[in-house]
Amino acid sequence: MTDAVVLVDDLRKLFDVPEREAGLRAATKSLVRRKTREVRAVDGISFEIAPGEIVGFLGPNGAGKTTTLKMLSGLLYPTDGEARVLGHVPSKREREFLSRITLVMGNRNQLQWDLPALDSFELNRAIYRLPQVDFRAIRDELIELLDVGDLVRKPVRNLSLGERMKVEIVGALLHRPRVLFLDEPTIGLDVTMQKRIRSFIAAYNERHGATVLLTSHYMADVQALCRRVIVIHHGRILYDGPLVGLADTVAAWKTIAVVLENGAGDLSGFGEVIHRDGDVVTLRVPKEQTARVTARLLAEYEVVDLNVEDPPIEDVIELVFAQEDDS
Amino acid sequence: MSTFSVAQPGRPRALVDFYLTAMRTAVQAQLQYRVNNYFWMLGWVAEPVIYLVVWTTVAEQSGGSVDGNTAGYFAAYYIVWTLVRNMNFGLSTYAWEWRIREGILSGQLLRPLHPIHYDLAFFAGWKFVAIFLWIPIAVALSLLFEPTLDPSVLEIVVFAVAIWGAYLIRSLNLWALGTVNFWTTRGAALSELYIVVELLLSGRLVPLQLLPAWAQTLAGLLPFKWTFYFPIEALIGDLSRAELAKGLAMQVFWTAVGTALVAVMWRRGIRRYSAVNG
Amino acid sequence: MNALGIAWLHFRLGAMNELQYRANLVIQVFQSLLQLGIGLVMLALVYSHTTNLNGWSQPELLAVLGIQILMGGVIRTAIQPNMTRLMEEVQDGKLDHALAKPVDSQVLISVREVRIWQAVDLVTGAVVLGVALVRLGGDLGMLNVLAFAAALVLGAVMIYSFWLVLTTAAFWVVRMDNVLDLFDGVYQTGRWPVGIYPSWLRFGVTFLVPVAFAVTVPAEAVTSRLEWQTLLLAAIFAVALFTFTRWFWRFGLRNYTGASA
C-alpha cells in the first residue's frame, strides 16, 4: 500500500533559453529569428517519500533542486512526467492542496515588510481560515520553539537575516502543513543560526510528524537532519539512499586551503593538489591525515592563512560519482 | 500527537474575515506614512485646481457660466473630484512588473487565496486612511473656491455607494491590465494608453457635458464614465431617481465585465507564468 | 577642470550610456506625444467655449504650452535626475563618494546625471512653440527674442535653485520620496498663464515654486507683452535665489559631514 506523501515519476522540466552572441549583427539577426537553447533543468527523476520522512536534496547550484521543489509546490508546470503530493497534482493548485503544504525559500520573505510579524501572522490566519483558538495555540508554540518572542513585535525590515528567517518559518507553519518544502533555508546565515534552524526542523518533525523536503548545497544541513539523501546533478538523480553511505565518503576527506608567504613549492607530497592560484593552494587529504598534514605545513612553510573545510558538494559528487558525471 | 485537520469556517465568512483583517493591516501600514501621503496628495490636488481655475475663468468671461455651468458648479465638481480620484488609485502596472520580477507573485501563488483579494483588500483599507486625510484638503478647497453644493440624503447615499463601485471597477480593470505583464515587459505602454483615454472620457479632464457630442456618446459606451463622472454627478448634479438607479446598474454591469476580464486574463497569464517562471 | 568641463564630460558619458537603450526613445516619444495630445485637447475644449482666456488668444496659449513642454524637457533631462540621485544618496548614506572628489561638490552633484531621452520634450516643445509663433504671425523683433532667451535661462536657473534647496532639505528630512510627484503636479500650473490663478496660488507658483518665471515670463516675451520690470525682477530673483541656494547647500553639507563620523 502506497501512502506515499510525495510521488514523482520520470519528472522533467525543460526550458527554452534565448541565446544570442554579442555584437550588433547578432542583435539585428535575433530580431528576425530567435535562437533558443534547450536547458534540461530536471531530466527524468523518480522517487517516493513516505509520511514523516526528512529527505535532503543535495546538489550544486543549478542542479535542479529548486526547480523540483517549485514543481512539487505547484509553482511550475512540469514538461513531462508525473508528480503527486498528498494525492494531489500540484500544478492544479487546489485549495486543499495549498492548505497542506508550505514552501520556505531562503533569502525570500513572504511577510509584510513594514509591519511586525504578528500582523502578518494574522493575515495568514485569515487566508488559511484558522479558527482563532487553534491559531493562537499553534502560533505561540512556534514562537516558543524558535524563541522569537521579542522579535515578532518588531517590523520585519528591522530584523537581521537570521531573525527574519526564523519569523518566516513561524509564518510558514501556522497552518500546520503536512509537507514542508524548504529551499536552502540556511543560506546566508551564520553558523549558530544554521544550527538553531536545523534543530528546530528536527524537533518539529519529531513532534508533528510532518514530511520535510530540504534542499541545500551545504552538506552540514543534510548531515544534521536527514536520514535519507537524494543527490541531484544536471537534473538527474545520482544517488537516493541513506545518508550513511554518502557521509562516509564525505567524512573521509577534508580540504586544506593554505596561503603561503613566499610562493609554494611542490606540495603534492602533502596531499592531492586540487587547486592552485599563485600563493593559494587547495589540498585534499584523507581525514585521518588532516592534523599531521597541517602540522607539517605549518612547520615547513611560512603560512599566512590556513583553512580546514569539508569538501564542497561538487567535489563530493565528483568523488563518489566520477564515472557518471559527464560535464 | 497533533492534529492536522483544523476545523474551518465556511467560505464566505472566511473571505469577509480576510478582507477585514487585510484592511486593518493596510490601515496600520499606511498610517506610518502620514507625511508621505500628504506630499503625494498635495501633488495631485494641483491638477483639479488648475482645471477649476481655467473653467472658472472661462465662465467669468462668458457671462458667468459655460453652457449653463456656473463657477460654483465647477468648484463643486472639481472638489468632489479629489475624493473620487482618491478612490480610483489602485495597483499600478509598475507594481505588477515588480512583483513578478521579485518573486513576490510566487509567494502569493502558494497561498490558497486568489491574489486579487490581497490587492482589493489592501487598497480598500488604504482608502479609509486616504478619505480621512482628504477631509482637511476638501475643507481648505471649499473655503478657497466656494462650491455650490446642496445634496439630498438620497444623493449622498448613492454617492457613498458609487465611489466604492468606482473603486471596484477601476481596480478590476487595472488588475486585468496588470496581467499583460505576463506576456510582455512593455505593459506600461498599454497602461498609459488606458489612463489617457480614461482621462479624456471619464470626466476627469472636464465634466462630460462640455465635450463635443460625439465624444459624449463614446464616453457612454466605456466604463470610465461610471468610475468618475457618475459618482460626482450623483452628488452635485440634479439627477433623477431613475438616472441614479441607472448609474448604479451600469456600475454593476461594468463590475461584472471587469470580473470576467480578470478571470480570463488571470487564468491565461498564470498558465504562461507557471510554464516559464514559477 | 572647471565646472563646464565637468558638465560636458558627464553629459557625454550619460548620453553614451543612454543611447544604448534605443527602445527608451520610442517610449519617450510615445509618452511625450500623449502628454502633448492631452494639452492640445484641453486647449481645444477651452476654445470651443470662449475666444480668449484672460486676454490670451489661442495661438498665444499654444506658445505657453510649447514653452512649458520645452522647459519640462530641460528639467527632466538635466535637473531632476541629479536631484533624485542626490536624494537617494543622502538617504543611503552614499553621498560621501561624491564629496571625496576634488571637485566643487555642488557642481558635481548638479551635472553628473543626464536623461538624454527626455530631451524629446525639448523638440516637442520647440515644435509647438514654432507652430504657435507662425500662427501668431507678425514680427517678433530682436529685443523680444533676446528677452525670451534671457527669461528662459533665468527661469531654468531658478528651477534648478528651487530643486537644490528642496533636495538639500533631505539632509534633515530623510524621507522625500513623493517630492517628484508634488513638483510635477505643481509644474502643470505652467500650462496656463499664471494671471488666471487666484492671488494666493499666483504667489505660490511665482515665488515658492518658480513656475511663472520658468514659463509665463518667457511666454510673455514671445507674445510681446513682457514688461522690462518683470524681466528685471526675474533677474534679481534669480541671482538672489541662486546665492541663497549655494549658501544653503554649503550649510547643509557642513551639517551632514559633521554628523557622520
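Labels for the chains are A, B and C, by order of writing; each one numbers its residues from 1.
In this text, a contact is a pair of C-beta atoms (placed from the backbone, for glycine too) under 8 Å apart; a residue touches a chain by one contact, two chains touch by 3 or more.
Just so it is clear, the structure is predicted and the values come from calculations on it, not from any experiment.
Participant: With centres defined as the mean of C-alpha atoms, identify the chain lying farthest from chain A.
Facilitator: Taking each chain's C-alpha mean as its centre, the farthest from chain A is C.
Participant: Taking all protein C-alpha atoms shown, work out their mean, then name the chain whose own C-alpha mean is nearest to it.
Facilitator: Answer by centroid distance: B.
Participant: Can you give the whole-Å distance between the Cα centres of chain A and chain B?
Facilitator: Between these chains, centre-to-centre, one finds 43 Å.
Participant: If you average the Cα atoms of chain A and of chain C to get two centres, how far apart are those centres in Å?
Facilitator: Roughly 52 Å, centre to centre.
Participant: Quick one: report the Å distance separating chain B from chain C, using the average Cα coordinate of each chain.
Facilitator: Whole-Å distance between the two chain centres: 31.
Participant: Hunt down the residues of chain A that sit against at least two other chains at once, touch-wise.
Facilitator: none
Participant: Once bound in the complex, which stretches of chain B touch chain A?
Facilitator: 1-4, 6-9, 14, 17-18, 20-22, 25, 28-29, 32, 103-104, 106-107, 109-113, 271, 274-278
Participant: Touching residues of chain A toward chain B in the complex: what are they?
Facilitator: 15, 67, 70-71, 73-77, 91, 93, 95-96, 98-103, 105, 108, 110, 112, 114-115, 119-120, 122-123, 125-131, 134, 175-176, 178, 207-209
Participant: Looking at the complex, which residues from chain B come into contact with chain C?
Facilitator: Residues of chain B touching chain C: 35-36, 39-40, 42-47, 49-50, 53-55, 57-58, 61-62, 66-67, 144, 186, 188-189, 192-193, 196, 199-200, 205-206, 210-212.
Participant: Sort out for me which residues of chain C touch chain B in the complex.
Facilitator: 27, 30-31, 34, 37-38, 41-42, 45-46, 48-50, 52-54, 175-179, 181-186, 188-189, 191-192, 196-198, 200-201
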